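There are two complexes below, and they share subunit A, which is joined by subunit B in the first and by subunit C in the second.
What follows is the complex of A and B.
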């Protein structure tokens, strides 16, 4: 509770920086617009104005500061403009409409969740295999670790084309990329978790003459739960980033990534920014949801977070 | 027939690996390198066999030999792309973002209030899809490497910031009291005790950021770039269905990513030789 005030201070500072930046970023556009509306602008031609920086131009035209926040197509939209666009496209549009962010959000979210489920399941299975089979551990584990250093997202456009060529389109190619991204954090975390019981605990199970399967279900899996949740939180945000990036270079027509691209190509910065913030809010909500489940589960199991 | 021979190769590779893993030499360094190498080689041979025998079109999946040929034949192009994307885009952004994060962390560290705000907010920002800002930066800074460096700088900023701030707090009150008994002021304590103690954390952030830097630089090129660069080459080659070229770029990305990470890990072992995780 005692960090609420510091957090609010930092958030307020970020917003203040944003609001102040709007003025110099938009000044050139504002000056051009004001001149067309018949106002006096201090260097008189746009060419002369190009010679000045945004800050310099602001100092010469302090009267125009208010107008920088009201541009229809600003270089940097102000927070209230992004807020209105978000509110408008989330609450005031029908969910089925192509302009509704809820609709686009669901397109991205469904691919994210499908991919996350596939990636997590495969990751847990592979981790169990690695812990119980030494050959698998020695062959696969170095590759799993090395693959973390590779910019996997660069593969996204190719995977979509590859799957498209054999007739798979829509949800699944995006889900494959999401699955790929959430797969490795889960493998690495679960291997650590399944190995976390110490020798004493394993010996105790042996004195009970427990079978390997019982050892897995009654000791190793429960012991790995804190590690699993730590990986799940990394995995879900990686999945979302994967699904969004998968929409970017491939001309997808729906989803957060598609909205960002549309806003960029048709010169509607508010659309891009609203999609960006909606994606950020979705990511925050997903991570928050997993933190809640984590806290609840660990409390029920009497454990601490890894 | 193709499936059976592929399975045969898989079985043979697996058999050798199982033998090696169970043998008395399993703990030696050579075997530890040999086993993953055999596994990787098995996969490559299976890939080559399946693609050739099932006559899969190279538009869907080119065989490894074709990719290797393309790689060897296009080294000048690949090098130009590497220079544009990795050296100019990713490295510049990585250095700018890292220095900025480091500076902010040192400044914020003087106030406990700010630290308590920065840790959760920074951790939250690090989980956000910041790659999405790429089209905005490309619009602001043009399509050359400057916009890529900006995206990379923003992406690497938060992980490095959070780790540095967390690291600077990682000294015990006993250690700080000792510094005080030596009459050490703020700067002496910072340079002699707290920065060295923070190094394992800082390098953790720096290592996480290596992959992010490459992702940022490559993905940002999908939104506009001069006619050179890895992201540009990947997106145009996908359009031309020249998938062997795409794979060659991915090999470059993988090599660059591993080398970058390896470099950071090497510097880390050199700087934090005293840390338990570095003991041989």
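What follows is the complex of A and C.
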């Protein structure tokens, strides 16, 4: 674990930047609040204060710095506020409660996993088609690339509305959007992996008069496993993003995306930030899980981790 | 205009194609031509190649890069299709011969699958060809014995040295009992000491199994030490310049390389290679 120290250094730097940023970001709100509480603030009217930047106002009201960390509805919550909200909604609420992040997390995660399964299957099938079929080789990849250039935020509402029109609601539309984002890295990785055996390996199979199916099962698929895992790690995080994005434009009532939206609309930034962090932690855990499976699988297959 | 060396080469080759009696020939090539189309224009890889290889022969193909020795071996295996002339293996076309499991092919690199054990790698052709499970196990044990790797069945390729990996790849080529073994510079990537050892083992294997072996090499001592017949080739266009039937006995200890007969054959091979190069 040589990488622990550098990683912690970066994390510490990010937290430091965050903690320092809280003060100027929240100073205008803090000054307004302090004035209502009867404290002396300079300049004296909110209109005059608007002329100053957050940093300028901070320099004139150094006594208010402590208060910037304690606002109920801050512009930028401080780390400890997000931490409390996260702890409260993950551990202190029953997981069946609508206020529990575990509940919302499972809603998003189930869509993520279903979408990831669909996307991975589709990606592998497309890659096999591209490698074995000349027409697919010429035609599929440009469309796959084009599909990823369309902003998913523009596409997601359309997919949900259209699927809703034919009576499909709930988990599946979200999974479709997850799959839409996650199939692409799998296609790219698997095409490369399936084509990784060199000419000599293919010639060897020809000397055995092996069928194309035997070439796929005995050589191309096993040889593509390291490439598949690299793609899966990108695909699973893309799936999570897809599921969250799918929850945003539709007024979904559960899921990380719904929590972010609720926090935004009802002026509860801590809710938004806690959902954001919970989503990031979930993504990191999923990628970490796949790294473990990758290491275990490649060791069992006698191949070093790529 | 053919050069003098070319004419001499063709004359020699005509003499020599009639050496082995046709009844025993397992590989027969007549007027074989192969032209590759490349972006720089056509490349004449083989021109008027005629050769007969008898049953039980150990034939080496020697020559500089681009002389077509590997291409010729690939034609025998049906991995390349000649653009002219004809070639038969056991009286069949190379494609038919391949389907009849006439030959095993050994490449320059061992090319073992890293995700399979040594035993698993040797089973690969047996699985593809549909041998029964018990037959597979029995054959793996037998060929591992043959290449002196008994006890390594459960090891993975990375646990073996380069020489042992190449022996495993020879075992893989032997597993389905082909009568012909085609070897494309199988020891080219190994150091000289390992190479000597493997050459000795290969001769023992050859005398025990009575296979017909086609062997591509860059090395004159290797060709002379191993072969009953040495085919000297030259490039541009790839052609046969000399075919030498070795008078050396079948039993060959490594120190046979110091005898006058050995040195004389090596000398003739070197002359043949030089003649092929005269037109450069």
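Just so we're on the same page, the second predicted complex is superposed on the first by the 295 of 306 C-alpha atoms of A that agree within 3 Å, B and C clash if a C-alpha of one lies under 4 Å from a C-alpha of the other, contacts with A are read in each partner's own complex, and residues count from 1 in each chain.
What we mean here is this: a residue touches a chain if its C-beta (ideal position, glycine included) is under 8 Å from a C-beta of that chain, and two chains touch if they have at least 3 such contacts.
Predicted model only: the values in this text are computed from it and were never measured.
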Fit or clash between subunit C and subunit B when superposed on subunit A: fit
Touch count on subunit A, higher of subunit B and subunit C: B
Partner chain in contact with A:279 - subunit B first, subunit C second, else both or neither: first
Contacts of A:38 with subunit B and subunit C, given as first, second, both or neither: neither
After the two structures are overlaid on chain A, angle v-u-w for subunit B, subunit A, subunit C in degrees (C-alpha centres, nearest 10): 70
First, second, both or neither for A:167, with subunit B first and subunit C second: neither
Touched partner set for A:264, first subunit B, second subunit C, both or neither: first
Which superposed partner A:201 touches (first subunit B, second subunit C, both, neither): second
After superposition on chain A, the shortest CA separation from subunit B to subunit C (Å): 12
Residues of subunit C touching subunit A in the complex: 77-79, 98-99, 103-105, 107-109, 111, 113-117, 124-125, 127-129, 156-158
Of subunit B, residues touching subunit A in the complex: 14, 17-18, 20-22, 26, 31-32, 35-36, 38-40, 57, 59-61, 113-118, 120-121, 124, 127-129, 131-133, 135-136, 138-140, 210-211, 214-215, 218-219, 222-223, 230-231, 234-235, 238, 241, 243, 246-247, 249-250, 253-254, 257-258, 260-262
For the subunit A and subunit B complex, residues of the former touching the latter: 2-3, 5-11, 14, 75, 134-135, 137-143, 146, 148-155, 157-158, 161-162, 165-166, 233, 237, 240-241, 244-245, 248-249, 256-257, 260-261, 263-264, 269, 272-273, 275-276, 279-280, 283-284, 287
Interfacial residue positions of subunit A with respect to subunit C in the complex: 200-201, 203-210, 214, 218-219, 222-223, 225, 301-303
